[in-house]
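Below you'll find the structure I mean.
By letter and in written order, the chains are A, B, C and D; residue numbering begins at 1 in each of them.
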Amino acid sequence: HRPMSLIGGMNVIESRDLVMRVAEAFVQATGELSLPYIFKASFDKANRSSIHSFRGPGLDEGLKVLQEVKQTFGVPVLTDVHEISQAAPVAEVCDILQVPAFLARQTDLIAAVAATDAVINVKKPQFMSPPQIQNLVGKIRECGNEKILLCERGTCFGYDNLVVDMLGLRTMKDCSDDAPIIFDVTHALQTRAAGAAVSGGRRGQIAELGRAGLAVGIAGLFLEAHPDPDQALCDGPSALPLDLIKPFLTQMKAVDDLVKSLPALVID
Amino acid sequence: HRPMSLIGGMNVIESRDLVMRVAEAFVQATGELSLPYIFKASFDKANRSSIHSFRGPGLDEGLKVLQEVKQTFGVPVLTDVHEISQAAPVAEVCDILQVPAFLARQTDLIAAVAATDAVINVKKPQFMSPPQIQNLVGKIRECGNEKILLCERGTCFGYDNLVVDMLGLRTMKDCSDDAPIIFDVTHALQTRAAGAAVSGGRRGQIAELGRAGLAVGIAGLFLEAHPDPDQALCDGPSALPLDLIKPFLTQMKAVDDLVKSLPALVID
Amino acid sequence: HRPMSLIGGMNVIESRDLVMRVAEAFVQATGELSLPYIFKASFDKANRSSIHSFRGPGLDEGLKVLQEVKQTFGVPVLTDVHEISQAAPVAEVCDILQVPAFLARQTDLIAAVAATDAVINVKKPQFMSPPQIQNLVGKIRECGNEKILLCERGTCFGYDNLVVDMLGLRTMKDCSDDAPIIFDVTHALQTRAAGAAVSGGRRGQIAELGRAGLAVGIAGLFLEAHPDPDQALCDGPSALPLDLIKPFLTQMKAVDDLVKSLPALVID
Amino acid sequence: HRPMSLIGGMNVIESRDLVMRVAEAFVQATGELSLPYIFKASFDKANRSSIHSFRGPGLDEGLKVLQEVKQTFGVPVLTDVHEISQAAPVAEVCDILQVPAFLARQTDLIAAVAATDAVINVKKPQFMSPPQIQNLVGKIRECGNEKILLCERGTCFGYDNLVVDMLGLRTMKDCSDDAPIIFDVTHALQTRAAGAAVSGGRRGQIAELGRAGLAVGIAGLFLEAHPDPDQALCDGPSALPLDLIKPFLTQMKAVDDLVKSLPALVID
């Protein structure tokens, strides 16, 4: 069994300096814990609830920052794409291209991303059942790309709330012919007050939810952090405080190590 | 009170001839019933579950067909757009531009559609609570377009099923400062067998669900029909057989007329 | 087609005088509208969220009041039972025995109620799918009672919220071999603030939800009213103000009359 | 931190011999693993979906069997009660009285159970939000009993499916003033085919779901096993094969030990 990978970083590129600071913290912690690590940050939050919310620096500026992370720290980087035209330029810098949940069924975007030959991280839409992942993965494979990560980030549960169906993780794996399953513990913490212009979150419960996901036995974790979550420009209520990365990941790795050391319990 | 409008047509442009046949049937029925009518068909099904499914003729060919409908029958036409670049050319032909549910939070697409000065029909995403419509409508208005229709098409209810929350229709109206509410009775019939590559539907229940929606008191209905639903290239299980348009709409109009003749029952 | 029946009254017997006042208002309104009418009130709210909430006068006192309603107004009466031992004495007074939603799968209670030879009104549990009604009805029939009413009162939708699946009404009818379907529009309005000791409600939307349910085409409506809902001892937020019974029922009857006059739209 | 307790046994008392066999297997495995252990079996399945399903030996015969388990193996025993009159006699034999999920809001049953001075294990209803546990626990405490266990067994998720909201476990603990949280991993595996007379289950996923629950950090696990699940008279599809108790519990204990050794990660 391979140890858990970590896709970690910050929600949106707030500034070059903040990105470097976040990346450094992740690089240091994952280095000390010997966890394979990929940096993540978005250059554009293209689907904010409110038009007044911060979106990010955009493609060109964002890619420069991601390139600097890559060169400075020698780690692979991931970002999400929202338009067909973004796939190729993003793939020149990024090792993993992420398809946002809302866009995961847009065939042309999937095709454009698949054509880059980068690894693809698909966020499972909150409106999609685990077995439907089969069609989603089928699309990518038909486009000739087999390097697929599947990312769970919670499923709609009534209004303005998400729930993680732990039983769905294996279904995703089984119906995708064994694609690695990543658990986005940050997004899964989201909730929203009725009518609110921005999402709320339950970051105080990140450790217990993260442990639960890793206890199932998965390939990796997806995590967003911020030096001051209350001041974050997007999704702060779900973000891990930066100074807790090391103790948080220590817990996650311990659960992952344990679970992967256990013999399989095969039940007919 | 204004009588219900009908946005009706077929799911996807299967051929020019079929579109003309469907449009003729709708024009005739709505004419006889004196219902304001807008023709609807998609030129591209950009988010089919399976990559092997039929998508449609594409933008150029599709717009020609829609233009022919408009000229032949003298009715406004509606289609949905999936890319920013499609907004302007579509608006040269179509009177109403539709934003698909999955894309309803993509800010740039909303902005491009709003900039056309066409009427915008936004499908409420199945993952969005009714009060969240406030942010969605706010985006469009910030972009300078006030001609907004809001279309209910069902909300995620567990896996692979939709439910129409009849209480949400007024919430949508109230939180949008009185945007007209349209009920997509066709899409709301969708369901899906676990793991299936295509959606199923409950077209046998279209009359009762349509009556329920109109009984709430709304601006209009959205309806897809097909001469032979079992042979339809998309969403046949939810489509109304073409020869039932008239008796179906007769029922809908009767409910709409009645409900709009009733005095409001104001309860504190 | 038979016109809609009304099961109407108040949530819990707050006092003899109040019951008589409520019953009189219902008798008068349904008489003027020629609606078959059954009076409803509970003698015990046996499952209040909080132990501090008002429960009612209890079995003996409650039956006296129901008996007085029956004699004074000459209408059949309904109440709900919670214990096996209550079935027989309640059936001496009441024409319809109601099985509460939470208790609808308690086999011995079902058997006791079925043995009385009264009509049985089963509230569909908020945790039960429509097709499961088949097992529930099967239990009652095995106990030798065929006089079954099935009452929809909303289904769990996320936390602390209910949704009425209008498509489920026909499923309930089909899988019960045509039991009459009653729609409890009052209970379906319930919602609850997180952690609250009592339910909230959306009585301001009762007319639109009631019209929607009747527009499907059902046997009857279940309705609770109160002279002053804000002072009601149970479920006031969902109750109809007593002085609106007539205008409310006028709307409901109009929808019911219309829908039952429409020809069936049979779709393969 | 105290190690996890196990409430384990079989769904329903199928026979005295089978109960003794199941109890012996649990006693041996939990002894070898040094896990505090309570035997569980039901004497009556009072709410089977179908009236034709096996219910069990009844109160008198069932208590004799439970008494024999207690004496033979020297372990505490638990069973569930469904009627007020059962509370006292059951408490003469059983150390823990369980309130079934459907009955958890029946005030009189709660009062009767609380009056016995036994420990009470309350199954959280699948229709109840975690914060509502506050009212439920409040009822029991008002009745003078503070020895409360709260048991999660899944929440309604659409029709005929359950989901375990791992974030709810802490909510239950917080809003109950720190009642021990038990996770019924067996029941949480239930699902049901539309219209089926009996529940299905996902016992093949019991290890991953059990690990996830324990990884959150809880007081104990609730588990049903059977020598031959396919022949079990109730809920076999969710039961653990008897010969897997030891390897299964070994995994659970390993996760529990690890999680309880980790320092708390307090996030504001």
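Operating definition for what follows: a contact is a pair of C-beta atoms (placed from the backbone, for glycine too) under 8 Å apart; a residue touches a chain by one contact, two chains touch by 3 or more.
This one's a predicted model, so the numbers in the text were calculated from it and none came from an experiment.
Asker: Higher C-beta contact count, A-C or A-D?
Answerer: Of A-C and A-D, it is A-D that has more C-beta pairs in contact.
Asker: Which chain maximises the distance between its CA centroid and that of subunit A?
Answerer: Following the centroid criterion, the farthest chain would be C.
Asker: Could you put a whole-Å number on the gap between the CA centroids of subunit A and subunit C?
Answerer: Whole-Å distance between the two chain centres: 48.
Asker: List the centre-to-centre spacing of subunit C and subunit D in whole Å, with centres computed as mean CA coordinates.
Answerer: Centre-to-centre distance between subunit C and subunit D: 33 Å.
Asker: How many angstrom lie between the CA centroids of subunit A and subunit D, rounded to a whole number?
Answerer: For subunit A versus subunit D, the centre distance works out to 35 Å.
Asker: Residues of subunit A touching 2+ other chains?
Answerer: Counting only residues that touch two or more other chains, subunit A contributes 155, 157, 159.
Asker: Show which residues of subunit D lie in contact with subunit C when the two form their complex.
Answerer: Touching subunit C from subunit D are residues 46-52, 55, 82-84, 102-103, 105-108, 110, 125-127, 129-132, 134-136, 138-139, 142-143, 155-156, 159-160, 175, 192, 194-195, 197.
Asker: Could you please specify the touching residues of subunit A with respect to subunit D in the complex?
Answerer: 155, 157, 163-167, 169-170, 189, 202-209, 211-217, 240-241, 244, 247-248, 251, 254-255, 258-259, 262-263, 265-268
Asker: Subunit C touches which residues of subunit A in the complex?
Answerer: 157-159, 161
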